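Both complexes shown next keep chain A, but they swap its partner, so chain B is in the first and chain C is in the second.
What follows is the complex of A and B.
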């Protein structure tokens, strides 16, 4: 066949084609990036939204916005100053003996409206939920006294409304809150300032936490918070307020500790067992090897839910109970292994998936490497420990990360095994009890703060070990 | 020295021999902390002297599911909570000890005992309870110049007051009415209607029920009442805390929420309005302690039950403002007459249990599924998708099927 005569492009045409190709390349890249950006927003958006909402006084407020008082630098400075005045602590604030906390508040008063001095009160505010609602607590109201109001010079001003401009003046007041006598240091100093009808709240040293009574009462959760006590109020509360009723120990810290311990022990156990079993299945020749491997695979096919009742009963009875003797009493659990991290590790640590991953990885290592070691007289153990295991580092790294993530986020088993007391729980189960305790009274800020905190270790892990994550996924899914 | 040691050892041995560990399973939330304080401050020493120790095991998440699991696995505690809405189902498992002759139920509020009575036997002792009451926003009523709701209000005068406050502003409503039988039911009972007849059947086409549905949904269609979701709230308490509505119909569980979310809200509390039958209607929401029939320490469990529902324990719980006691004798407790808004609200909720047509929040062994067809009908009517007759006819059909299946 004769080739079609090559059509010669003119210089202009050539340039046009190049331009077209460039545009097309850019359009393609643009499209890919737009889609990726969209995915990023869709996946990261809720997390960011939760993180910002967890800072707010009312996390349910809609629409979500970054322009919140907690993110305003002027409030940071004021919070630090007030915290310093309240308890000489610019970070966490408080209300300590000898404190003199200065405060100012300003109202807009339209022309023709009489100015009445507002009522300033340190209220006796009992928490609506959680331990604060149940246990006897110290109230700032019992120790605080509010000074006379000092009226600041009026400043003429106008306010724009939908109906036009209203002229009037800015009326400001200054006062101090003093800690009278001696007493304990108190966590927070709430404040209510109630103005007459017609006076509109403008601003104050620290932005009001909420306006109540149709705008008349400016209510402050804490007027001596310190910077962190102000911006991260819900986070500070998560650590401070969630305490064991019996020991007053911080439950949230205990839960974090349990989660880390559980994850660490599970990683160690998984690595040891999976690498040894994987090596045996990959390299040793013994009778029944195939059958055992099939059994391992098969155990992965059985859903967790099918086995959990029998496993639960095994834990409850301390593995085996014969005539009043409980097997688990040998290692310190005479009453069964429910409600213990040991029991939890016991039922979750054996992971057929991990064995499978390790077996496949060992099979990918050339036999010649081991044969060389064998010629040098290395036995199975030496070959495993000194030759193959160091080469398996990528697989072990991936397994570590996957196990950590799995253990940290594990809900099902901890939920079944760890019920009582409160301080034996892991973080996800603890967060569930938050919902029951604080959700009922609308305290979503605290719940969100707890949830965001629990996500942080996994996020850090992901950012630092991104590469291993990808490898982990390809080990798990790609081979054979 | 040696003698002291011997005595200590002997006491420990004797104590050990008689020590009885009683487990209680109940809700999560703040109940564990309340029990710890109750033990520390009121009943712990007494029980310890008798060699009884208590542990509380909160079941987080879905309590009923967790309890049924524990009952079937044989790990249920000696004493467990029995929520009123699932009580018939839990009692039907046969795992709850009948308290006839073992426990004196006379000092407890009658309607609460009735809610746990099956075939003449009592199976649970109410821990505490709640009923519905009218909580009103004093500022909004003052601003509108309308009289506060009071105990003499009928449906008509009550609705007129709501209309008058709602006229104040476009974003102010009379009340939030959720499309749910768990609140609406109280109005249905005020007509004299009962959810089940003697044969265990439900009649939604009863003129009394239709009257209640019409009154309730008309207020929403008129714009005097609004569904919470329409103003971005999840429940009536949320509407109330933001000054959006003049009144809220809720129980004392709202008080903790208000302390957190609207600490300065000026509110008063009064009784539910009087319905067409000349009586008020109300729900009893409660949870009781029941004893496990398989408990190895039945005598000790009974002793614990006596202590935690005893006069001293209940008085303490009341005076700490933690819950409303189930003993009639506490009606005269000075706490109720303190005059603070919370004390008044607690008193009204307490007295609500014996005022008018009060029924337990209970639907036989059908459980809360019973409410689904009714709730669907309420939504359809409130949003104008169907008429009262159409939607109730459909709901009746669905409900008949449910009841048939449960038989």
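What follows is the complex of A and C.
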């Protein structure tokens, strides 16, 4: 940039130059917003795209797209109508005795191709694979009967292809699926409609979940889904389909419960231990203080992999086993504390970072505050409990939120401690068994839906308490 | 303040829960790991002292050497790339504008979610028919259009700046007001070229790059110590993506404290944007760079989660790190655990981390920051 030759300018030219500079400032601000928007799209994009794709029947369907049937309002209306017809439930649908589910499907038939009525079948299709797939379920196929097909009036139409225009007509069919007799209410009503060669699927009451056999078979996962059952199908599956083979309990619900319990207990334990230790290190002068503080700093530099070998054995042995007596049997764990949330709390209770934060905070409180209490003859505990701790609410709040995030997202320790059975796991470890079970068969809908669900609590917390997260950075608590 | 006996008693009472945990889960654990590393312990039979045999065996173990190579390349490349990009992005965004809070929150999203969620999403994007390959293909297809856009943009900008300079106005080559005009002109012109069919997206073969189930490396056929396995590169991309925002915000906070007058003085002396970046921006954020480098090296050297989550989605050799090596020897599936061997690997990782941190501290001291 060259300096303007200001000394040669008159007043008018000076003003013009100022205008010129102002324009530049505005333009620069505009460009900065544009760049920030671009960065925001880059960083939030994958999460948002995964969230949208988790609604797709098959998130691996190529090409990736945001224009998906689940986001089309016409499908929402149809799903509600069909859910109402199937089980009088427009939200989650189903197939109940007495149900009459009306359905229409349309094909494009080029001129010169004979029209043959398609085959309509309610298949016996087992939902999903893996966890819980061994459970006995009721099939809609055992109770459903499909009516005669009624052919709708043909409509002439043309189709554009890469090679030119093909003329032909639109051939539509209507039929109903009935639940005859009595029986249990069934979760879903799958449907396969197979047309003759040459007939090309156009649309149907509800968009087909997928086309099979070179496009001849339009396959529907559920033709009585209800709005939520249709749009959030993968999410419903996450909660319903993945069950413990032994107890039929929803594993995903169990994982959520474990994660919340673990987070809550860990918050309480961290706040108590860290505030007490932080108070001592910040306010009291005693022999060994420096040594302990150095140990606190040093403990943050040692990799978890050094510690987990012994800590795993400590949990296995219930802290201490001497001559057949296990210490942890005192609080109800005679066989050691592996595969228990209690063991997990024990092994994660050592949180030097939290002690450091509390120490820093207590040091920022002026000593005079305590001196008044000291004159009244209050002992250390009273000074800590009645004077300093109430003042530490902001620090305790920040620590609560950071600890929740840490516990909710924690991977390493739960991965080591909680291995079996499935229902002792926390969410991140549970998601990993999702990946192992469903990733192999390419069922990414379930995995993405689980991942997105598990991210929601932390995102809500972040939106509400953003400030605390940002401060977390300055505490140097950056994980990789 | 002098030490009082009652203070000492009270202090140790306050510290009791913490110290008990510290003793069992840190001091004892570290000591036991050191001890195990000199034994042949396997979880079942009592340990026998074997001296340095485990350490010697590490360097004859193919999996350990892969882990060492992967960890070092991962740490060095990821740290370099993410530190550089974070600084550049912070410098670009270093403007006092309203509403930055919203954007800061948006940038933060990838770093608050758990490693499992992010890794699962990236695993999905790195599938053969996934988003990454799709975007690559789309980019390749539209390369002529992008090229045309870039050329028109540069041409229009050069003409405008030359014109302004002839009018004796101090326009820089990156003048923002002119750039806005250039962007609009280039967008319009490119749109015209595409709609009139003068420039069209090319036909390209579908991109079918295998990111995960492969033993190939980048560069292909390079010496062992310099070749990055492709699945590891995928984790690198993910790690850079999730960590940049945190570091960028740290840099941004530091940059906002650099006085504007420094840049103005440099501009008067005729320094261009690159020179200003090298001479003013980089030196004034040196302390943050040190913090960022340290945090990044510690984080990347100890990378574990992503390897565990990738699991059988990629060959173990291609993604194993030192941290995962330790886990793998401790819990080797159907084989007998090699606790002593695992402990030796863990000690190696701990020493490596410590050395890197101390070296960096030393370097910083000698530079006088």
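Throughout what follows, the second predicted complex is superposed on the first by the 453 of 480 C-alpha atoms of A that agree within 3 Å, B and C clash if a C-alpha of one lies under 4 Å from a C-alpha of the other, contacts with A are read in each partner's own complex, and residues count from 1 in each chain.
Convention: a residue touches a chain if its C-beta (ideal position, glycine included) is under 8 Å from a C-beta of that chain, and two chains touch if they have at least 3 such contacts.
Because the structure is a prediction, the values reported are computed rather than measured.
J.: Here chain A is shared; do chain B and chain C fit on it together or clash?
T.: Pair status: clash.
J.: Scan A:194 for contacts with chain B and chain C and give back first, second, both or neither.
T.: A:194: touches chain B, not chain C.
J.: What is the contact status of A:125 with respect to chain B (first) and chain C (second): first, second, both, or neither?
T.: Touch status of A:125: first partner only.
J.: Quick one: is A:441 in contact with chain B, with chain C, with both, or with neither? Answer first, second, both or neither.
T.: first
J.: Just chain B (first), just chain C (second), both, or neither: which does A:27 touch?
T.: Touch partner of A:27: chain C, not chain B.
J.: One more residue to check, A:150. First (chain B), second (chain C), both or neither?
T.: neither
J.: Which chain, chain B or chain C, ends up touching more residues of chain A in the combined arrangement?
T.: C
J.: Looking at the overlay, does A:248 come into contact with chain B only (first), chain C only (second), both, or neither?
T.: It touches nothing on chain B or chain C.
J.: Look at A:212 in the shared chain and tell me whether it touches chain B only, chain C only, both, or neither; answer first, second, both or neither.
T.: The answer is first: A:212 touches chain B but not chain C.
J.: Just chain B (first), just chain C (second), both, or neither: which does A:72 touch?
T.: In the superposition, A:72 touches no partner, neither chain B nor chain C.
J.: Determine, under the contact definition given at the top, whether A:433 touches first (chain B), second (chain C), both, or neither.
T.: It touches chain B, and chain C stays clear.
J.: Select, from 294-302, 330-338 or 348-356, the region of chain C that bumps into chain B once both structures are placed on the shared chain.
T.: 330-338
J.: Quick check on the output: what are the common chain A residues between the chain B footprint and the chain C footprint?
T.: Comparing the two interfaces on chain A, one with chain B and one with chain C, the shared residues are 60, 62, 309, 312-313, 415, 432, 436, 440.
J.: Can you tell me which positions in chain C touch chain A when the two form their complex?
T.: Listed in rising order, the residues of chain C that touch chain A are 1-4, 7-8, 10-12, 14-15, 17-19, 21-22, 24-30, 32-33, 36, 43, 89, 92-93, 95, 97, 100-101, 103-110, 112-117, 120-125, 127, 129-131, 134, 168-170, 172, 175-177, 179-180, 239, 241-247, 249-250, 267-268, 270, 272, 291, 295-296, 298-305, 308-309, 311-313, 322-323, 326-327, 330, 339, 342-343, 345-347, 349-350, 353-354, 357.
J.: Once bound in the complex, which stretches of chain A touch chain B?
T.: It comes out as residues 58, 60, 62, 123, 125-131, 133-135, 190, 192, 194, 210, 212-214, 216-217, 219, 245-246, 309, 312-313, 316, 338, 415, 419-422, 429, 432-433, 436-437, 440-443.
J.: State the interface residues of chain B toward chain A in the complex, per the touch definition above.
T.: Contact set of chain B toward chain A: 27-30, 32-34, 36-37, 55-61, 73, 75, 139-140, 143, 232, 237-238, 241, 243, 253, 255-266, 320, 322.
J.: What residues on chain A touch chain C, complex-wise?
T.: 1-5, 17, 20, 23-24, 26-33, 35-37, 39-40, 43-44, 46-47, 49-50, 53, 59-60, 62-64, 272-274, 276-277, 279-281, 284-287, 289, 292, 295-296, 299, 301-314, 319, 346-347, 349-350, 352, 355, 379-381, 384, 405, 408-412, 415-416, 428, 431-432, 435-436, 439-440, 444, 447-448, 451-452, 454-455, 458-459, 462-463, 466, 469-470, 473, 476, 478-480
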